[in-house]
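In what comes next, chain A is part of two complexes: it sits with chain B in the first one and with chain C in the second one.
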Partner chain A sequence: MIGWLLALPALGVMGLAFLWPLAMLFRISLNRTTETGAMEVAVTGESYTRLLGDEFTWELIGNTLGLSGTSAAIAVAMALPVALMIRAASPRWRGLLALLAIAPLLVSGTARLVGWMAILGDQGMINVVLRWVGLTDAPIRMINNWTGVRVGLMESLMPYAVLVLLAGLGRLDSRLEEAAATLGANRFRTFIRVTLPLAAPALLAAWLLTLVLGISAFITPRLMGGGRVFVLATEIYNLALESVDWPAAAAMAMLLLGGLILLMLLRGCVGWLQGKRA
Partner chain B sequence: MLGVAGLTATAWPAAAQSGAQVTLMTYSGIFQEQYTAGVIEPFQAASGHRVQYFAPGTSAQMLGTLRAQKADPQVDVVIMDTTTAALACAEGLVEKITPAEMPVLNQIDAQARTAGGGCGPGVTFDHLVMIYDTKAINPAPTRFMDMANPALRGRVSVSAPPNIQGLVLTAILAHANGGDWRNLRNAIPGLKEIAANAQTFDPKPDGATMILNDQIAFATGWNARSQLYSLQSQGRIGVVLPQEGTAFQINTINIVAGSRNAAAARAFMAHALSAEAQKAFTERLFYGPTNTTAQISPEARARTAQSAEFNARVIPLDWVEMQRVRENWNQRWRREVITAQQ
Partner chain C sequence: MKPTLALRLLACVGYLVLLSPAALVLLISFSAGDFLTFPPPGFSTRWYVALAGNSVLMSALGTSAILAAVVAVVALLVGGPAAYAIARLEFPGRGVLAALLTAPLLLPTLVLGLALLLVLQPLGLAATWPGLVLGHCLVAIPFAVRIMTTAFAGVPKELEAAAWTLGATPFQAALRITLPNAAPGAIAAGVLTFLVSFDETVISLFLVGPRLTTLPVEMFRYAEHTTDPLIAALAMTLIAFAALMVLLVERLMGFSNAMGRE
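Coming up: the complex of A and B.
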């Protein structure tokens, strides 16, 4: 009872700052957009049926899942060696290395993307080097397309993947790896047959978390996509601030939110299963 | 100054003759700087009213503010683009104004009068132009289709719909290739050719900056800001009103429905539409005046589409109709134009 009372202020703030706007958003999604674009107060599911009946929406969902799924997978794959290295480091260095791994989070996401533009752009570092060594005559397009968005998203997701993996790998019993080595397994075989299977739940948890973050990412596809990358988050922006179709924008935001809640539940299930196995 | 005082004294209702605060919601950046100096400060000096400037961002964000404050408006006057203003008018967020209430409306260009969907009239004209890097492109281009030159691969920026620039470019090319701006089929082939050269369909932060950073050589832009960028870059940015034509993008001025300072707000609106204020703003930022009696200097007029040389190239665009076709154009761009080159 006292616990609930203590939680009341936080719940109140949550209700005001999160649930109430969410309820307003849902209410707006039930309004109607007239042929001329004006918003008419109504209680109708027209925006939902229009969106779900439009094959472009499904294309957007596919794009979003494909982009975030692959970016999250690459981020986790690249974060794993980093996490393993930090785990293997002496306790004296572990804290510093972990801090370095998540240091990108200390820099504004927009600033990091501007940095990527300078590296990957037509006049950027990579293209200049490629031309200088004679490998290409014309610049290779690496921004303002899906490639640029994947690179930017993967880089922004990696620190989160490292954090989750560090937490998961921290619970691994290193004696099992030592036992494998004692029985004659080399380091690669030990990694493949022992470490990786034991790390699988942590890898899945890291992938699910970064997948969720990737699905809701807006700045990266907006800045690095050059108007060629269409995902749910950028479409919500377009509907709200370019087409000024608020009911459709709100309906799409609710659909996205529903999908994210499902994924978070899935992640919760994975966590619960991990706990049960442990 | 005396002219402002003389005109506005006759235009304002008696209730506006005392000091009050008017909250104006409109664009930020260069617009805010020039509008404050050219329009707001003379109004404050002549009327005794104070104007509080509020710049939330785009017209869509302004519409959002109006919708959110519908029950208790905190804004008195809003300057926003014609499509968004038409929505605000249809939703009853801004007032309808008649010439009987505000005689200066009789001096306003007919197209600007109808721009706000029956509510506030157009207060500035702007139009789509092509901008280019004068350092890299010689001779100077004359047509939008010059952006389709295969030598310019990756050196062009085109804003795609739903951005309004993309819609206007589509309408202009459709009009140039068949006389009817609504006929998207006539625009698609040309758009595909231009798109094949596109570096981006969403220039960040804008086309002019990308040109100055050597990222691209061509972009589309709005005339007023482009003219200023041209001056500020000492001619590096070239501005062309292309042979295919252009279309007006009109900003309208509106009194917010339920404004707490309606009388002072109307006084400000009357001033903003007056010949003196329009002349001052056009000569500062090259937005075309909507008041037909404004005496603009020949130098400034030459940088707007109101000059005789360019006026004939303005195509008749119906923004209400544009709102209807917008979503279809948006989808066709995504499926046929943007995918022309990956």
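Coming up: the complex of A and C.
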């Protein structure tokens, strides 16, 4: 009992700042928006039917899943060599390499996106080099569109992918790879036939986590998209603060939450199945 | 097994992607030019001077620093006892408690910010100090609880038991024996929660107003409509600050240890 008593202050803050606001979010999603745009207290599913009947919402859902699905996949693919490298490094280097890989987590997201603007912009590093080499005349547009958003999101997801892969690969028995090598498999064959299948559960776990984080991302699509990229997160922000249509914003936030909870349950199921098989 | 050349190369590409944005920010922040052009037409510290002279950003910096300090203290005071309970005591529902106290980290900050706005606005608490502190505590407390739980769990139980046999009450033993031994963890938790609050952007976007605004929000708004090296100078300052903090935590307890992943 004394345990709950000690946690009482923390629980109080959580109730005030977490449970109550979430309950109100659901409650307000059931209110009505009148013709003039004002909010009217009601218990109705109008906001939901209005959103789900609108083709734009479905486009947003498609955009969100397409963006985060691909960015997460590329992030995991690029994180795998980094994680394998950290695993293979001597203990002296392992800490430093791991720190370098996850340090971006503590750098403000906006700051990193400014860096990407300097790399991908019309006057940015890549375009300058391409023009200097003579490959292009006009700059290739890589910011204020989907390319910029995808690159920025991929990079922000990579550190998380490295963390999940490190946790998953740690359990992988390296003697199996050595056995394959002893039996005559070359490096590439060992990787394709032994390492990759063994790493598959970790890869799936990393993809599911980064997918969830990608769906929730707001700063990257907003800044790198330059107002031309529309996903659920940017639309919730627009509805809440620019159109000030609270019931619609709340309803869309509830849809987003529902989708994320489904994905987290899926993650839990995958983890449970893997645990059972192991 | 020794890594192959192909693996080394691919890992290098990975690190290049991870680290190049920060490197470019560093380079551009010392640009003498007017835009985020590469390579910079010349080098100067004019944008750092301009940053120091920007009254909006400087007053936002002050707000963010005070806010982060308050949030770190509140998160430690509120999260510390809960972490002690989770790490040391056996009681029904301990797992539920631990899950509940870290649950906010699972949800998008966008949804948390919107939900807070819907509650705080009608109460007149949007764009106020209490509103911002509450909003930031929501994401700071889970970090504080997680790190402090690791820290308390790392102190041998036998020390406390020895204090009991010597006549200390459980409260005295916790306060005089376990707490000082968990102090590095508590400092790490304080530093990280400070950083979490200092960098928090999305929740703040919903809770700031014209009179009270934070540095990440002003930086985000600045980056939305202007791209000049001033924003790179600001970004660089924040990166340097974060790097310093990470080094401090690494010294105190090991960074990945502090994050307490999986």
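Keep this in mind: the second predicted complex is superposed on the first by the 265 of 278 C-alpha atoms of A that agree within 3 Å, B and C clash if a C-alpha of one lies under 4 Å from a C-alpha of the other, contacts with A are read in each partner's own complex, and residues count from 1 in each chain.
Note that a contact is a pair of C-beta atoms (placed from the backbone, for glycine too) under 8 Å apart; a residue touches a chain by one contact, two chains touch by 3 or more.
If you're wondering where the values come from, they're calculated on a predicted model, not measured in any experiment.
Visitor: Just from the overlay, do chain B and chain C fit on chain A, or is there a clash?
Guide: clash
Visitor: Taking the superposition as given, does A:Gly121 touch the first partner, chain B, the second, chain C, both, or neither?
Guide: both
Visitor: Which chain, chain B or chain C, is in touch with more residues of chain A?
Guide: The partner with more contacted residues on chain A is C.
Visitor: Quick check for you: in the superposed arrangement, does A:Arg141 touch first (chain B), second (chain C), both or neither?
Guide: In the superposed model, A:Arg141 contacts chain B only, not chain C.
Visitor: Quick check for you: in the superposed arrangement, does A:Met39 touch first (chain B), second (chain C), both or neither?
Guide: A:Met39: touches chain B, not chain C.
Visitor: In the overlay, answer first, second, both or neither for which of chain B and chain C A:Ala199 touches.
Guide: Once the two structures are laid over each other on A, A:Ala199 reaches no partner at all.
Visitor: Applying the document's definition of touch, where does A:Glu242 land relative to chain B and chain C: first, second, both, or neither?
Guide: first
Visitor: Mind working out whether A:Leu223 is in touch with chain B, chain C, both or neither, as first, second, both or neither?
Guide: Both partners, chain B and chain C.
Visitor: For A:Leu51, is the partner it touches chain B (first), chain C (second), both, or none of the two (neither)?
Guide: neither
Visitor: Is A:Leu106 touching anything from chain B or chain C once the two structures are fitted on A? First, second, both or neither.
Guide: Touch partner of A:Leu106: chain C, not chain B.
Visitor: Give one of first, second, both or neither to describe whether A:Val231 is in contact with chain B, with chain C, with both, or with none.
Guide: neither
Visitor: Does any part of chain A touch chain B in one structure and chain C in the other, and if so which residues?
Guide: Common interface on chain A, chain B vs chain C: 121, 123, 222-223, 240-241, 246.
Visitor: Within the complex, which stretch of chain A touches chain C?
Guide: Where chain A meets chain C, its residues are 1-4, 6-7, 9-11, 13-14, 16-18, 20-22, 24-25, 28, 78-79, 81-82, 84-85, 88, 95, 98-104, 106-119, 121, 123-125, 128, 154-155, 158-159, 163-164, 167, 174, 177-178, 181, 187-188, 215-216, 218-219, 222-223, 233, 236-237, 240-241, 246, 249-250, 253, 256-257, 260, 264.
Visitor: Write out the stretch or stretches of chain B touching chain A in their complex.
Guide: That would be residues 58, 60-61, 63-64, 67, 83-84, 86-87, 90-91, 153-154, 159-160, 162-164, 198-202, 204, 214-215, 320, 323-324, 326-327, 330-331, 334, 338, 342 of chain B.
Visitor: Residue numbers of chain C touching chain A in their complex, please.
Guide: Contact set of chain C toward chain A: 1-4, 6-8, 10-11, 13-15, 17-25, 27-28, 35-39, 77-79, 81-82, 84-86, 89-91, 93-94, 97, 100-101, 103-104, 106-112, 114-119, 134-135, 137-138, 141, 145, 195, 199, 201-202, 205-206, 216, 219-220, 223-224, 227, 231-232, 234-236, 238-239, 242-243, 245-246, 250, 254-256, 259, 261-262.
Visitor: Can you name the residues of chain A that touch chain B in the complex?
Guide: 34-39, 56, 121-123, 138-139, 141, 144-145, 222-223, 225-228, 230, 238, 240-244, 246
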